[in-house]
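Each of the two complexes below includes chain A, the first together with chain B, the second together with chain C.
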Partner chain A sequence: MVDVAILLSVGRHPVSGRARRAPTDARALEMALGLPAVRRTALHAGDPASPALRDYLGMGLDRLTVLAMAHGCDPVEPLAAHLRSLSPGIVLTGNRAEGGEDSGMLPYRVAHTLGVAIVPDVVAITVEAGGGAAEVVQALARGQRRALRVALPFVATIHPAAPSARPSAFGPARRGRIDSVPVEAPPDAFLAACAARPWRDRPKRLTVGAPGSGGALDRLRAATEAKAGQGRLLVGPSPDEAALAIYECLQEQGVLPR
Partner chain B sequence: MSEQHPTARRRDPRAERAARTVRVEPRRRLVLSVDVVPQTGGRPRRDPRARRAEAIVQSVPRLRLDWTGKAVGASALPTVEGRGPRAASEPVLRVIDDPACLLFAVLDRPDGALSGHDRQVLAAARLLADAAGGAVVAVVPDGGEDLGALGADRVLPLPAAWADEYAPERRAAAVAAAIARWSPRHILFAESQDGGDLARRVAVACGERLFAGVESLSSARAARRAGGGATELGCAPPRLLSIAADAVAPLGAVRHEARRLDPPPEPDGVPALQGARRLPVDPDGVGLGEADFIVSAGNGVTDWDAFAALGRALGATRAGSRVVCDAGHLPRDRQVGASGTVVSARCYLAFGIAGAPQHLQGIGGVERVIAVNTDLHAAMIKRADLAIIADAQAVMPALVRLARERGHG
Partner chain C sequence: MIAAALSTVTLAVLLVGLGLALVQARRWRAGRAAAVDLWAGLAALPGRYLVDVHAVVGRKPFNARFHALSAGGFLAALALLVLLALPPLRHPILWGLLAVALATMLAGGLMVGYRRRVLRPPELSGGRFSRLPLALTGFAAAFLLVAADQSAGGVLPVPVGLALVALGGWGLAELVFGVWKGPLKHAVHGALHLVAHPRPARFHDGAGRDSGLRPLELAAGDADSAPLGAGRVLDFAWNRLLGFDACVQCGRCESACPAFAAGLPLNPKALIQDLVASLDEGDDGRAYAGHRHPGHPAGAGASGPSLPLVGPRAAIHPDTLWSCTTCRACVQECPMMIEHVDAVIDLRRYQTLELGATPVKAAAVLEELRATDNPGGRDLARRLDWAVDLRLPVLADGGACDVLLWLGDGAYDLRNQRSLRALVLLLRRAGVDFAVLGADELDCGDVARRLGDEATFQDLARRNVALLNGRTFQRIVTADPHAFHCLRNEYPAFGGRWTVLHHTALLLELVRSGALPVTAPLARAVAYHDPCYLGRYNGETEAPRALLDAIGAERREMARSGLRSRCCGGGGGAPLTDVVGERRIPDQRMDDARASGAPTLAVACPTCTLMLEGVVEPRPAVAEIAELVLAATEPTP
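Up next is the complex of A and B:
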């Protein structure tokens, strides 16, 4: 039995630009709803009137605490202060927000301010019987998984490969309560120093051929021709010979253990 | 001009005639002796027969010519400034003894080898260093690579074991200690999964903000994508940056000294993340686009039980060509090719696939292809690194038997 806090942000639909649940934050809430928790505290820092917050309530939350602050403020200090008063065992959040700075720095800064460990890219959490530690599973590239043991308390960021979030239901979304707590937040000077403009897609960089070697003919050839292999050829071997050749090739490539 | 092919200079008859002219009035008189003829300039005359002889790669069973100038005989070809084959020159060693500032390029070295992304980070650091007159310090777990050829002036080695084990906290502490000691002007990371994690840990340890996932970089401006992909944030390159994949072109041929610096002291303290171990995953549960090892079936496969047993025995993700998925032998999300999934596996084992152009497009990013096919002239055989002309139905059970004998599957 653990005390879980979930940090939720407002996302942005990539096509329509409407406010929505941030996908990984919704997965974090889904994971929190599946944990054996004595208390679940959902926190949002920003505008309490955002319609997307009701979508989180519709997933089965009773209430959501919003630290009301203006746009362009740094939410780390108020969030950390609020979390310190709650002292949760596990803090869950998505690994990347969408719609703001999107740097993925907030969980790290919150964890550093609270002085607790951070586990990135989590897809599953199992709390051990005593409640003093948890077994977490991280998602890696190429569908691989890694298991770790972490002592509570910790901050975990949720990977997009985590189990998908349940849909939001209309009734609970209407019934849920949003508690607005006005807080003092310092303006974000780092973000204010950056110039923002609409994103324009750049042409994809052609990464063919070794750079600086050969001329235009080589680059054209690398871009257009099908790649030719090293060309080892066995014509009509017996099945066992063929199997051995394949097996050795796979071992050499490192996909099979030697 | 080479010794074997003394080619004549191109002649200019008008100039020769003018040189031979002794007097014009009352009648034009010319000297007839040969030595008066001037060696007028002009382009060297080309000998097409000699060029063709040098371009011959093989003459039996059929003639093959290589006009790129890289054939064996081409080294004797005269190289003229601005034309002909360019001579491959060794880059000159560039030593920066007294740099104006230092730049850290913190490299991942995933799975014990430098990735393409690591090279791009070094290229980005080189770009910023050349503008500021600084030196690039590669901060990397110790390994065998020649970092000087990749553009590093200095190397700050971290313990070699950190490349394999999962030690983000110790790695971050070591990088933060090195930053405190050398105070570099910029610190660049790779925005990969582990590199991005390390960058954020270092950023909070230094109490600074990270400019994460830089998509375009020049010495005056760095830009990244924000606002759910709708906004571009730009500013002068800040102190901590992480470089997105394929945002910066890797360097060409360069030569730097890669002088080793004293490694930072090993951080003490017990890490909070312990007992990291890889979990076995179901290979068929992995998406085809991110699978590492794929065994694929085409129209030449009829024994589907043996194919399924082979996938289990080798621990490979199963896939198929369009024909196979159309026939319903495999689900549609297992189709490789232009209308299916473009795969980027390390190894692709194809049974009974002839290699339609659409299928070859789908395996364009594969590192190594092994093909088993009955047709010697199939396009797949040309593409494969190991091609076996045999019946898939005979090879698959033999491979399953071999894998079981060797103790896995």
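Up next is the complex of A and C:
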């Protein structure tokens, strides 16, 4: 049994720009819902009226506490202060938000302010019987995993490879309660100094086939065919490794969203 | 003496039957309230029975005949038996009439026996139903002898007469007590269901067709309000429960269901019976003696009026619920006018809106739909990417045109872009003044609604209605029957009333008016596959056929066609819920097409195009009707 706090932010859909639940934060909540928790406190710092917060309630949360602050303020201090008063055993959050600075620094700064350990890129957590420590599985590059044993309390950021979040249901979403707690937050000077503009993919240069043979079919082949010697060779991989390699490759090719 | 015994037995059995029917009624009266015009329903009952029910029953002429004989004879005999209970009326003529009625019924009963014992259609349920012919013939034959004897003045010895009364009484009891759980339940419940039917407009005295889903009331949002959709059986409206209770287990829905045929774990008859069994505490459904959901044994789950209906250990397995393509083939075939699709959607609404238990892939699509207004999560501004070279006129807010072309999600799909391109070229060729909505067009919400996500559907519907009402046009034309159905039948509830046409209707009009002269008649065999959402949902089976005839196709009908077409497997979000069966539904549909011998299968729906073209070769070529029309109306130099 543990006391869990989940930090939930408002995400942004990469195509429409519409506010939504942030994918990794939703995974963090999913993980929290699966832990044997004595108490689950869901926290958001920002606008309590944001409709996207209902997406989290729709996952089965009864209530969500919002530290109400103006747009453009730095949420680290208020979040840390609130967490200090709760003193949860585990703080879960996504490894990177969508919107704001997108630097992924917030969990580090919160952990630093609280003076507790941070475990980044977690995909699984098992709390030990006594409740004093947890087995944590961390995602590393190229599909590798590392098992850790971490003493409570700690902050964990959730990796996109963690189990996917359950769908948000309309009924519980509108029944759930949002408790708004007004807080003082300093303006985020760094964010204010940043200029934001829409991100554009760099146009990929197509390698056109040998000159002279330039039919449409050749160009298509040149653009889609895998060149020999490219890519990664896995010898006798486990099915999981193989699947992950394929998954990452598809992401690299832009076939699957990252 | 014998006459008195006959009357006593008859009246006693009828009274007990009435009592049983009343006790039965309490079960479904426990459902949710529903607005029902009982008087109008009662007045319409005979017409609905004689016209609508018999139109369905009459699709199997043998069944219609035995039904008319046995039911007609039985009702007449009951009326006469009640009259004969009054001693002054016991006249030989009345006895003679009774004998005629019973003889009619006996003939019907023998036909029922022939069907159940000799023909044995596999879709029929056994169990209590197997005793039906015995009861029918026993009752009719025994009472026939008594009636004949009485009209002749009573020559039989008294013990023989009493024995016959006893035998006939047993038959009558078997029939009448059948209102409890047995075969004859449908007589009482079926009639009441026709009276209190949740869709009175579907009968001939209404619009004749009523296929749009009813909007779910989403406004109230407090914690104590009733759940959204049906989670327990009592969450259904009472007249829906009455409808389930009217099921005679004839299995017509089972034979028509494409999911059942493909070995997916869904049998609409068993689904209705699961719901009926849930009405009773402690009914594990083992009394049901028909086919189960393929691959799912009987009695696997716990059921009861207050238990959850859907779950791996509940009355209905989630795979059963999510196998349905909402094709309405079951509704089309059901002689008891049961609305299976409404039931499926009510169950799905609860799963999606209250539990978030939509299957994974479908849930992901719904989330994208909410965030981007299209199920693929694409940028709306890119809906016209395929048509850059066509320079489609875009109808801005406040603008006007004659035909508004609704593109639908096919505009994002490589294959369907080809059919849309053909359609656009045809409109240009015919000089039609048309425009598209471009980046303003949102998904019509069909897939969300069929997956039970009523909230997302209503949001999309409201915004689409608002943006369409801000523009002026004569009519909307779309190549997507799902959008067609939404815009035409489901948007009126949200304030959208326009003339909506399927592109086949418009193309037919253009060919007939000479705007599209046929220059190169097709002159080859073409089989036409009716999309469920065009045929059964909208009754539109003629225009596509007339269009194919007009462009010189040698049209072949497949094994199931028109209003009884077999689904391609793509409706109702079924490709997203992805329940596995023994075969794939589109493969089976392609078998129908192969059997027709036609080298080309014409389709009229983007989903059908994808499902059927996804069938492995060798198979007939799949062509969208617009593509065939384009080829046949190529201008000659």
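FYI, the second predicted complex is superposed on the first by the 198 of 258 C-alpha atoms of A that agree within 3 Å, B and C clash if a C-alpha of one lies under 4 Å from a C-alpha of the other, contacts with A are read in each partner's own complex, and residues count from 1 in each chain.
The criterion applied here is as follows: a contact is a pair of C-beta atoms (placed from the backbone, for glycine too) under 8 Å apart; a residue touches a chain by one contact, two chains touch by 3 or more.
The structure displayed is predicted, hence computed values, not measured ones.
After overlaying the two complexes on the shared chain, residue contacts for A:Ala129 are found with neither chain B nor chain C.
Of the two partner chains, chain B is the only one touched by A:Pro237; chain C is not. In the superposed model, A:Ala70 lies in contact with neither chain B nor chain C.
When the shared chain is aligned, chain B comes close enough to touch A:Ala141, but chain C does not.
More residues of chain A are in touch with B than with the other of chain B and chain C.
In the superposition on chain A, A:Arg18 makes contact with chain C only, not with chain B. Once chain A of one complex is fitted onto chain A of the other, the partner contacts of A:Arg166 are limited to chain C, with no touch recorded for chain B. In the superposition on chain A, A:Arg197 contacts chain B only, with no contact to chain C. When the shared chain is aligned, chain C comes close enough to touch A:Arg174, but chain B does not. The residues of chain A shared by its contacts with chain B and with chain C are 13.
Listing the residues of chain B that touch chain A in their complex gives 68, 86, 88, 116, 166, 169, 192-193, 196-197, 200-201, 203-205, 209-213, 215-216, 225-235, 246-247, 249-253, 272-279, 281, 285-287, 290-293, 314, 316, 346-347, 349, 357, 360, 364, 367-370, 372, 376, 379, 381-390, 394-395, 397-399, 401-403, 406, 408.
Residues of chain A that touch chain C in their complex: 13, 15-16, 18, 20, 58-60, 164, 166-172, 174-175.
On chain C, the positions that touch chain A within their shared complex are 218, 221-223, 227-228, 352-358, 360, 363, 366-367, 370-373, 377-380, 453-455.
For chain A in complex with chain B, the touching residues are 11-14, 17, 98-105, 108-109, 111-112, 117-121, 137, 140-151, 154, 190-191, 193-200, 202, 204-205, 207, 211-213, 215, 217, 226-237, 239-240, 242-247, 249-250, 253-257.
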